[in-house]
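I have a structure I would like to understand better, so I am pasting it below and will then ask my questions one at a time.
Chain IDs A, B and C follow the sequence of writing; residue 1 opens each chain.
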Amino acid sequence: MTPKPVLLKILDYLSIVLLAVATYLALVYAPTEAVMGDVQRVFYFHIGTAWVGLLGFVFAAGLGIAYLVTKDMKWDIVEVAAVEISVVFFFITIVLGSVWARPAWNTWWTWDPRLTTAAVTELIYVAYFMLRAGIDDPERRARFGAVYALLGGLSAPLTFMAIRLFRSIHPVVIGAANENQDKMNMTGDMRVAFFFALFTFTVIFIDMFWNRIRLGQLQDKVEQLKLKVM
Amino acid sequence: MIEVKKLVKRFGMKTVLRGVDFRVERGEFVALLGPNGAGKTTFLRILSSLARPSLGEVKVAGYHLPHQAAQVRARLGVVSHMPLLYGDLTAQENLEFYARMYGITNYQLRITEVLELVGLEARRRDLIRTFSRGMAQRLAIGRAVLHDPEVILFDEPYTGLDQDASSMLDEVLKSVAAQGRTVVMTSHDLARAEDLATRFDILTRGVIAASTSRGSLGRYGLLKYYKETLAG
Amino acid sequence: MPTTSHPSFIHATLAVVRKDLTAEFRSRELLSAMLVFSLLVILIFNFALELNVKERQSVTAGVLWTTFAFAGTLGLNRSMAVEKDRGCLDGLLLAPVDRAAIYFGKVISNLAFMFMVEAFVLPIYAALYNVNLFHPGLLLVILLGSIGYTTVGTLLASMTVQARTRDVLLPILLFPVAIPVLLSAVKASTGFLNGADMAEIWPPLNLLIVYDLIFTAVAFMVFDNVVEE
């Protein structure tokens, strides 16, 4: 049993500290947005979680390829770790987006391309876990998981493009969605909070990713020991 | 004909085969015996190119697996406990389909030949759905020898057959083996194995624990040998 | 003694297609299930959406594609289950042919079943709702959309038949991944039916083509991994 690496411990604490600072920056330090008011503060974490969520899914597709090429179970462990963390972060993104949409667009949910793609992507990865749950042989589970992660990773950008085709049908909502672009006129303080949030969530992602990979390896070891006893 | 060295097969964490050494000469009929879960089916699936070895060397009919799988497949016939036939096709159509998949050019003649061999000529226009288990199993053997393979693998061919069907299958198996083919068969039925095979290998706990030829079995027969091997 | 040679890719593919079509025309299990199911879906939509003349303009394409997609999963499930249940998949894999030939054989027969259902649904829908659906553009969209849907569907169905929860799993895996096909097919079909500008129809059409190409290539590359142990 290998002890937890020191660097990982440091990363754990660093994540907590960063998260606290990022929260402070988003909720207190950044100035209140003129049009939206305080609810705009959700945006810093919304983008932060969305960024790492996407990062994980792109990773997963790449790791799927790595597994299919090498057939090495270590890639499978890493792939599951990436998808698992991203599913959670993406869920947070969607919830935060919804919180923001309520006052901004006057509805909890709109069929905006970004939102819808996020929801579909989330469903793809929920399906990913259902597929894995239905297969007992770990090696086959890894292969099918890799194939599906790859398919999911490829179809997500196409989904985004396909949904954008429907812009003309929902003009009102899409007009409102363009407020995202307006956001880019951030003041200096806002920018600090924004980039700090991005940085924070990247660190948290790395930390959780690492922890989750370690957990996967420990699970493996437990399985191995169990088999030895039997 | 078959050469296996230090074959290991893992399913995830579980190691099913842990270093199997196995060699079969041309024309031998080897019965592979062993308790349930010993890895017999897995072993045959590796020999038939359906599963990949985790470690070790596997050579069938002179070709390496898994790299030369296509060459091996062309020289290999497999009969499993499932007939691998389509219920909604007739016997004739099933064999035609497989003949095309094996690239057999003059297949009408060959199909007639094979149907005669397994005694199903009269039923060639009937759907497999209407076949009894024994008939389907005999046709499965016909399907397996259609392309005149050098090596034949039987995985529990007697599963689910009654007495009559089993003895008819015996006849077919014997005539298939008599044509100088190399045969490996897994079976639970020690009496049948003893009757058919020229060599007996016992696979248990992931390795070949013992091997003996028909001549050196002694007067107590296979059953005693089998029990002693399993008792360690 | 038989003369054998390695069958070519095309021959193996055609052998699989021929086998599937012969078996299906005999039993008609799969087609009849798909056809009856499509009729039911259309019937339900009629009441669920109150398909009056004005509504029909905008929802016809959506109703059609939903029907195709639902009936399609039914057919895909069945077509792969036939292979798995009697161990025939092993029989196919034991043949000295490229696995991709088996995959394309299955895709082509599944596609043939899709087309038959579509050829049945279109005139019935046209007659029931008095709309003209015979637009060459629409047929092109149906061709492209069905290709994309069956390519991915066949690959996923060969995975789900090997899972414990097979029957329920296919639509759950297939629908989210096939959304680009379904959405752009609906968009392009609506465009053709309403006589929209080609400038408006090209983007979804291009998307369909891109999807078909990408996913055919990927399925071709990964199919080995789905059937081999």
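Convention: a residue touches a chain if its C-beta (ideal position, glycine included) is under 8 Å from a C-beta of that chain, and two chains touch if they have at least 3 such contacts.
What you are looking at is a predicted structure, and each value in this text was computed from that prediction instead of being measured.
Overall, the chain located most centrally, as judged by its C-alpha mean against the mean of all protein C-alpha atoms, is C. Here B-C and A-B were compared by C-beta pairs in contact; the pair with more is B-C. For the pair subunit A and subunit C, the distance between C-alpha centroids works out to 32 Å. A straight line joining the Cα centres of subunit B and subunit C is 37 Å long.
A straight line joining the Cα centres of subunit A and subunit B is 50 Å long.
Each of residues 229 in subunit C touches at least two other chains. For subunit A, residues touching at least two other chains, in rising order: 139. The part of subunit B that touches subunit A in the complex is made up of residues 10-15. Across the interface of their complex, subunit B is touched by residues 1-7, 11-12, 14-16, 18-19, 22-24, 26-27, 29, 82, 86-88, 90-98, 228-229 of subunit C. Contact residues of subunit A toward subunit C in the complex are 68, 120-121, 123-124, 127, 130-131, 133-136, 139-140, 143-144, 146-148, 150-152, 154-155, 158-159, 161-163, 165-166, 168.
Residue ranges of subunit B in contact with subunit C, taken from their complex: 45, 48-52, 70-71, 73-74, 76, 78, 80, 82-89, 93, 97-107, 110, 127, 143, 146-148.
Across the complex, subunit A meets subunit B through its residues 73, 137-139, 142, 220, 223-224, 227.
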